[in-house]
């Protein structure tokens, strides 16, 4: 078919994994263009962190470790590179000396992707609010930390305030860890987010959590975000604020694989700090989670394309 | 209330975690005094180890990693620093060139704490014997190792012999690992300890183990001891004698959280060897386990205070 | 009895673990001879790897970490050194500059062991085909990688082709990870291997998998092979191609312990790459798995001896 | 004498180094007060870095590694704790989410120290400008980096502009490393700083460099600053921007020891990033350099005291 | 000028070092083409090693660490990217399962570069023999190792035999380390190579060694090869066969910088094994050495261009 | 000659270094017997350390890293395995729970070696006192540490007191590091030891230090001891009490090589702590120093044999 994607990652059965310049999952390094269906992007930024920095180097290490990713999903059989043109468009511009300026330049970069790739999100995202599937140890809905409103503890409160997220279509999974006070999760509760702490997760069981995800986000446009500290530190010691007692990779993979059929519009894995895990284990897990997101996103994009939305 | 604790740890929402001199859980460094309800103590000692040393440096690394601990328990809601005055009283005096002398000086240090803090243990501990909740890969009830009677393989036999522990109120959880011979656990069995090997643990399930803990220790004064090698080595590679196939942090946290209501008089986490885990992961887990113990201990102390025992 | 094994490993209750030259599980370093019942062998070879090398150093690190192994199995009570004469016969000869030559010299070394130890495998292995219990993230039944037919992705296809393995008596456990294409496992399926992917494993549960192992291999001569990447990377980051979402050590130990009674003729643990895990954690797990294999093998050898086969 | 300092660090011949809460060089943790002659201060801050962060954790690791420091200088015989009351006053307040705010709070903290300790710097520092002995791989006199004027590449230009430093009394030692352009060192040259690149250092020899230091700073008030990347990366891999071909610890120690007799008013060691060197080697070197600075500073303070300036 | 190079690396004063896909020294990733003056190439290959492998991953880690390289040489002032169009053309094709096949494909790749870039080496290299400046701990002129003639101990004997190198115009610097026998360096001596062992190096002093280099290679076409183990292991622990007592980075930098004016035609840095140095220190040094080679090569290329040879 | 040594280490040109059980320098593992000329011994003991333990694991790691040692000295041409029968006799018996008992068992082990190997030391060591060439950061002649007289800070005072060492024939090289007090080196000075601090070393230059060594020890029986912390920490971070500003490996090698012709009777390398340097770099240096000692010892033994003393 002339519609078959023309961008292909290097095949590790032919080109040894250790060779070639490292890009995400060995996809071609490309410019942002309408020939792309899905852009893989690095955001090398950690100015908003309140404890241990280092995730500014995350994209580099995830690119390196993603050499281990092959091309077909072993569980749901999805082969994203057959469904979509996927490329590594490099890193969003940032400035490690300017928190707010970086947020502006990152935003502009993503707006350009959105404008050029035209997987018409505008149509998909009616009132501008998306659903969110959020894996994390922390709710990230605080009002401020250290007297500051824009940091790694506050993004989802800000996003709700800005009308980007529909909190009633947001689910948070894996929350745990000692708390600053009694009300760390209050904002999420008050705005109607579905909160699945690790205690809840265990009580419900993974299957019910998967049902709950689908029920919460429904069939509207949905974004996935995976803070690597949602995983237990055994899977992700390379992160700034690890909290014991978290999700396993197996459970995370199964949950992400279960999202087939939802209207996924994109996703991210964040908070991977290479200096805190030079072995690359954390980044390896991040690369695998990223592949899972890619599979369900590519499937959704392909469906939208087939449905003539594009 | 004028009874509200006046000692407060640094609040990580206000003072960044990486700043300030490292004390346990960011509590104030204080002298032993009657103003304290609970003393956090380091015992930097590893002369009794028969393989890899290093736990003499454990308290330092746990203090460092305990910067990550906040103030409220996410599961049982306990906020120990609202219940009790908690301070870091530093390290018990030891001499790395004198095994028996160190045991004497450590004992004296704890006796001073007991005398000064007067959470009247004397009253609580009628005949001088306490119950023990013991998490470990090893029974630690051997008679001797390498011809020696006082080492990391023998403490609980010695404690029973000295009349400090009531073996019938002692439960051991997580035992596993290859054995020296057929009788490694014999002493515990013969004296009536409740032994929950990993095989037992799995067969019973965590909920039943929790029931068994409560049944075994009853409502008498109870001490908690967590040898970090009770955890699977994925959670605690920084220890001298790791044994695969162990407890998870999640299960350990849940078990410790379930001890609310028991008459907990204190506890310890031991065998953290920083040189064997420079990442601090093991110490991070130790700090979290220590916080769980602190929660249930503070709760018990507060109850005893309310009950007029103090 | 005069039949009691005369070769004994060092007893860690008497000789500290850190002392003495490192051999597998502290057994005597011996020559291949008929006085041995079971030979522990290193194969320091990694020329067939397509990504990260280093397992050539695996035997050295496993010997070092196997200092932690004691003498009695905590679950099935087996004490292999009471059942059999077990010794470390050193490493098979290899040449890191010659893939095919090394395979020839390794083969010759094992043939000599087989000839000299005369645990009459010839009688046991009627038509020359053995059953195989295979733990791995990868099927290792590809036809070729990088245009080559003899590498770490193809051994079991080659072995079936050479008539060494009866694929209908082979079970593969733990398969997962992204795939090169849709047919990575096809050869195994087509030849009748029993394939238990991680999805299958979870769906069946460990008990059923154990049943399936016994059903698949039956009572014929059976070999065990454990690619360390069958474990989740949290247990085995020191390996060339880690795949998240894998087996736990606990489950692996229980499965291996359940093999008592089968006609086990030997086994291996492979793909441990020390430079990728200087902590020794991966090698520690490998040493423990090796001990589990030794237990069930020693039990089988002893049974065969008692049955007059020797 | 009643003037003998009353603050004493722990003596490692009596209290084992691994014990007690970690403070700088085992000095007492104290409040800022006039009883102090010299305050040891942490500044856990790295917002101004343009590549790899992490030095916010530097003070914690230097405190830990400074357990190795004893009390007497082996070369110049200075014993700072006999000369001065020295204490660890903790960390200057910072906010990792606010670059300029942190600079303000750090400044305020040091101004308080200056006000309270009254080692009358005002008198010493006539027109407000100090001389500076600056060890570094980089000149740190750029006008801006990434469009920003306040970062780790610009401090000494800013300080000259603010009239804090007399550039003619400033010497830079150890400069090297690839350059952004032809004029990286231009500002220093233009303002009259004495620049000793590694090429110069080698050509002159250490003895002449020491002479040059004395000639440059003269007998005015002089500050020492040691960017740890002035050392060759073999001594300091734990830093954000290492440059091969640098100073040795031996040479650095000898140069610092040679400053006896100068009017040293203080100093700093900066850019130690613990996540990039978990072994603590970099921090160990930092602690030793800090001790050298302390020796010559204590000597100068004692002289000023004796001279009745205090 | 229209001759000014149009290919420019990212400027780290504008684009933070941690961002963007990692290429050698942040140069553009390009195809081999005549628009290039100098191609930066990775050769991810280590099949010829006899001890510890891992240098197959060297190019990836050197690319990552070369983010630290800026654009101007601090000593000789050379700015290679102003002199030449320099690009990263990726990795030569290799097959980790095929030693001889890989050598063929690597050779072909370099022949293509030579054909396309047409910095008319043919003219430069009259009789096909080049001079060589060789930094190494080992002579690498053995006849065979482990019965094999093509491995990391034999390349320069093979090259002389093939008429590629004029041994009388070859100098070896830094040789040391225990020897297999009395004649390890015999071939080099017999064929007239100039051998500067570490003992010679120290006896002569660096300045005389530099003179000797120029005398040996003369003004003919000259190639530079730097085996990273020529450095002392403190600078390069990430290599397979480290030998204590070696060259320093400072001396190596100065020697390479002194090559200005010679007819340098290219160079390599080899034997960097990332798994043996996850800190990246070895790769950082390799990147810096590579930059030094680039400077003198670019200078020579520019001179040849100006001389109308191109 | 029938006198030619019959014990040979594995030749790394034939047997790859990574293979075979690790013994010191790949020599045969043998029993103590009169067939041996020189015994290589491990003493896995660290009970006398006052800060960081771990050197109990030193022999194991040095054995592993000594795989890198070949057979001929590159500088003095000595080939110890042609001169003497050298074997690895394993480890002296120790008990990590018994400081004084271990010293007794170690002593007995060495007395047995002395008795059996009969390189008639009795004749050589007239009044029982030997000369000592001592490389170290510390004088190790304190009277006590932590109230204890037998520890790593006191051995040479004890040895002088016991009449084992002639202090006038003892030279200490490399002393440095902050001091406990003014008199740390007093005992050595008072008893007439020749003390070469790092300041002295630099002032004298290596050549003069070598002369001084020869002058001090004369032609009497002489023992070499190298505390690995004599090296700068860049060469030996894996040790308990590192002191910056120390000896280089190059200088150490040259000094040891210069001892040819002295009446060397043995030597040791101590304080290598593997957990503090998992890279093996420290142990690699230790193995190389050990080889240097072996060369000059073998030379001396061979001379004594030729002289008919044996």
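In this document, chain identifiers A, B, C, D, E and F correspond to the written order of the chains, with residue numbering beginning at 1 in each.
Methods note: a contact is a pair of C-beta atoms (placed from the backbone, for glycine too) under 8 Å apart; a residue touches a chain by one contact, two chains touch by 3 or more.
Note that this is a predicted model, so its numbers are computed, not measured.
Asker: Under the touch criterion given at the top, what is the topological distance in steps from chain C to chain D?
Answerer: 2
Asker: Under the document's definition of touching, what chains do chain B and chain E have as common neighbours?
Answerer: A, C, D, F
Asker: Please work out which of C-E and D-F is bridged by more C-beta pairs in contact, and write that pair.
Answerer: D-F is joined by more C-beta pairs in contact.
Asker: Just give me the whole-number Å value for how far the CA centre of chain B lies from that of chain C.
Answerer: 38
Asker: Measuring centre to centre with CA averages, how many angstrom lie between chain A and chain D?
Answerer: The mean C-alpha positions of chain A and chain D differ by 42 Å.
Asker: What are the residue numbers in chain F that touch two or more other chains?
Answerer: 16, 18, 50-52, 56-57, 95-96, 145-147, 234, 276, 279
Asker: With touch defined as at the top, which chains are paired up in contact here?
Answerer: A-B, A-C, A-D, A-E, B-C, B-D, B-F, C-E, C-F, D-E, D-F, E-F
Asker: Along chain F, where are the residues that touch chain D in the complex?
Answerer: 50-52, 142, 145-147, 175-182, 184, 197-199, 202, 232-234, 237, 241-246, 276-277
Asker: Hey, which residues of chain C end up touching chain E in the complex?
Answerer: Result: residues 46-54, 56-57, 95-99, 145-148, 150-151, 273, 275-276 of chain C touch chain E.
Asker: Quick check on the complex: what are the chain E residues that touch chain D?
Answerer: Going through chain E, the ones touching chain D are 11-14, 16-18, 67-75, 77, 79, 234-235, 248-250, 253-254, 279, 281, 284-285, 288, 291.
Asker: Taking the touch rule as given, give the residues of chain B at its contact with chain D in the complex, in rising order.
Answerer: Where chain B meets chain D, its residues are 15-16, 18-23, 29, 42, 44, 56-57, 59-60, 63-64, 88, 90-91, 93-96, 278-279.
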